[in-house]
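Per-chain residue numbering starts at 1, and chain names A, B, C and D are given in the order in which the chains are listed.
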């Protein structure tokens, strides 16, 4: 258990891969945590779909501005250099491929990079898609941040998504609590193993033919800790 | 000859028909003169395709601002209430039908309201269309302002345009030096005669079956003068 | 003289008929024209089709319009929120229809209506259930879906300031859908904190030029602002921060502690 | 740290190769990035495809680029002006190709490239010679033409001020095509009068957010401005007003009495 990264550690791990100067959109939920772990001194410009670049962290409780919120409708702040724009411009930015990176949660990711993260397809669910489909196809890279397994123990990495898709072939990398995977033409390739996790273990948990990138780091979480 | 309105008188005549509060685009050339004859006290908001609403008259010679020009690339001024925007927004305004009125020059107007005003089709001419085609199909009303006859004595009102078209069925009214014509489902209908011009005379000059609107004013130019 | 200002909220929403399609600005609570919606409820129109990013949260504004049974259909991207109980109930009881549109397509379709674009090809939603039955087209090796404009009879939007020509500026992320909705409706009604003299707004910074606006109504400066500057002291809903023993007042207007006079 | 400012014009245009497609902002002289174009001429690239509203006037900027024989093709709406003699000569001598696009379609096609729209239907030019051979489609009883995005390798634009993140503001009608061109090019290069500290530009009034900008170079405040305010004393080309004895040159520019160029 302790070998798996918790949400904060995973957010820190993702944040460490974001290059200085990148334009990044963080999805609702866990990806939002990435903002708290950006390396000090690096300038990463956060985009929020509701019309802002240069989004800063949450305000102090007394400084909540109801006109200044993120895609999750939580209070945020404005950094020097920020800019506001309307929704058509905001999604033009996405769709036009101007964001370097988007980090999303997922129900499932297929080995060809298909993403399912907006609906479980349950017949009585109220559907809601928001900006997920636009983000999935818009950013230059789409990283997914998620636990490897569902609460029921099923792998979120799958051969083919069974849930309704958000986007086709859009995911380029998946950060999970046990390992980091790249989506390659040959399917998922392990980029990094956390703790004592092994390739065989991952193959068993996912039921997928996984390869190992030559550059894969076996103990990245420790490496992280020792920085 | 003296019965015909000169350019300034015609511009005054056109200006008198523009209602207070209208959003108007004035084409390059003669239509630009209309701005100088807007009734005092009326607020007509002029749009210029190069990104401005609330355009004012030409500046004093010493106050020419090279960053503040109209579609004809002449110096203009900014009225209180003016707004600037980029070209896609400017032409979205046109194409989306938000302008009440556009006033254009013409080589030919057909009795179905087709407009030809961008090219004579001469084989050696360098083609240039600018915003003419967008304006022609965009404004709620397109008025043409022109001499009835070419310098060669040919009617600019025609059964079918022989010059390359700018827009199809877009012109709603034509102000000429001899009369004002509405484009109706039955062709051109005379709305107003200037000076001693008669319907028969117009029929002879144009070679067209012209009707007379019941409300037509026979001596509008005099009426204008006596205001 | 052009004067698009109207005296009160009743006049601002006059003429909105049963069955009208109404665009409502805002993303969650930010930029939602709550006062105009309240006036619309008072005015009595029903069987409305609402175009908005969300379907209301809490008990205010759009949520209240739905709770009052005035809405026949909602066109939106994200109806389901933790506090969308009024929409949820109406939807589950089959009392309203939902058309779900990905947020970027929603925005672009609204813009297309305002900009006179007949239709456009978007890459969003290709390969998803929302693409079923839709026209697909391959352009330069990529697959797109044909998307049509969304127009409305009325747009209700909320800005920070306006002048009598109807020029509008917004504040921070409260801008969101309002500038494009203003272009896509037959009648655009704007509520603002304050109406300022013509020529006061910076022509370089006007976001919605008056050509898109039909009526402007002032509703008073929000309680978290003073002279258009943020002064704090509210929660995310704009309610005054609870003092240790703050008793919720029966009349929300009296609860203003931060200088607002909404 | 993000710093998109570059030291000089040479660096600003570095890497523009022969055969590149280059968007050039401006409407006539207003907003035309003359200093960047001069640097491009010095840098030596040729066989360029230029996307711009006009094809240059007088002997400066775009006109000079054409005069120097660097341009293979021009995509524009209005090449013919009273002072477009360099374009006119090159065109008549068959030394360059012209693709004529109605101004609104030009703008919207550039925007579409930046906004990831695959193609769109425009009502402009239907029934005209420019519609020949094009895909027509009837939508809701109106006929439209299919229009495709216009992309570029480089956009050269001119703004008033920028910061190190590449946020840009413009001045008056010098804005024109620049904000959309900034979105449609692989590399966007902006010349500004001055570079200001980050946080100085009003976030509500930024027209081009830095995400669209790759390089920013300061070229100095134009002679008709002081601290960004208009002080006058120039003619339409920005030249100091002539003293009483200004001699008219023997060139066609002086023949313009009615100013119209259509």
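Definition applied: a contact is a pair of C-beta atoms (placed from the backbone, for glycine too) under 8 Å apart; a residue touches a chain by one contact, two chains touch by 3 or more.
Everything numeric in this text was worked out from a predicted model, so none of it was measured.
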(message) Once the contact rule is applied, which chains count as partners of both chain B and chain C?
(response) D
(request) Name the chain whose C-alpha centroid is farthest from the C-alpha centroid of chain B. (result) A
(message) Centroid from C-alpha atoms only, then distance chain A to chain B, rounded to Å. What do you get?
(response) 56
(request) Could you please state the distance in Å, as a whole number, between where the Cα atoms of chain B are centred and where those of chain D are centred? (result) 28
(request) Quick one: report the Å distance separating chain C from chain D, using the average Cα coordinate of each chain. (result) 35
(request) Check each residue of chain A and list the ones that touch at least two other chains. (result) 78, 84-85, 88, 91-92, 94-95, 138
(request) Please list all residues of chain D that touch 2 or more other chains. (result) 108, 111, 115-117, 122-123, 170-172, 203-204, 207
(message) Based on which chains touch which, is the overall arrangement a line, ring, star, complete graph, or other?
(response) other
(message) Applying that definition of touch, give me each pair of chains that meets it.
(response) A-C, A-D, B-C, B-D, C-D
(message) Taking the touch rule as given, give the residues of chain B at its contact with chain D in the complex, in rising order.
(response) 27-30, 32, 48-52, 61-70, 72-75, 78, 84-88, 90-92, 94-95, 105, 114, 117-119, 124, 126-134, 137-138, 164-168
(request) Give every residue of chain D touching chain B within the complex, in rising order. (result) 27-31, 53, 77-81, 87-88, 91-92, 98, 100-108, 110-111, 122-130, 170-180, 207, 222, 224, 230, 232-238, 241, 258-262
(message) Show me the residue ranges of chain B that touch chain C in the complex, using the header's touch definition.
(response) 20-21, 23, 41, 43, 45, 47, 53-54, 78, 80-85, 88, 91-99, 138
(request) Going by the contact rule at the top, pick out the chain C residues touching chain B in the complex. (result) 1-2, 111, 113-117, 163, 165, 167, 183, 198-199, 203-204, 206, 209-212
(request) Would you tell me which residues of chain C are touching chain D in their complex? (result) 108, 112, 115-123, 137, 139-140, 142, 144, 148, 169-172, 202-205, 207
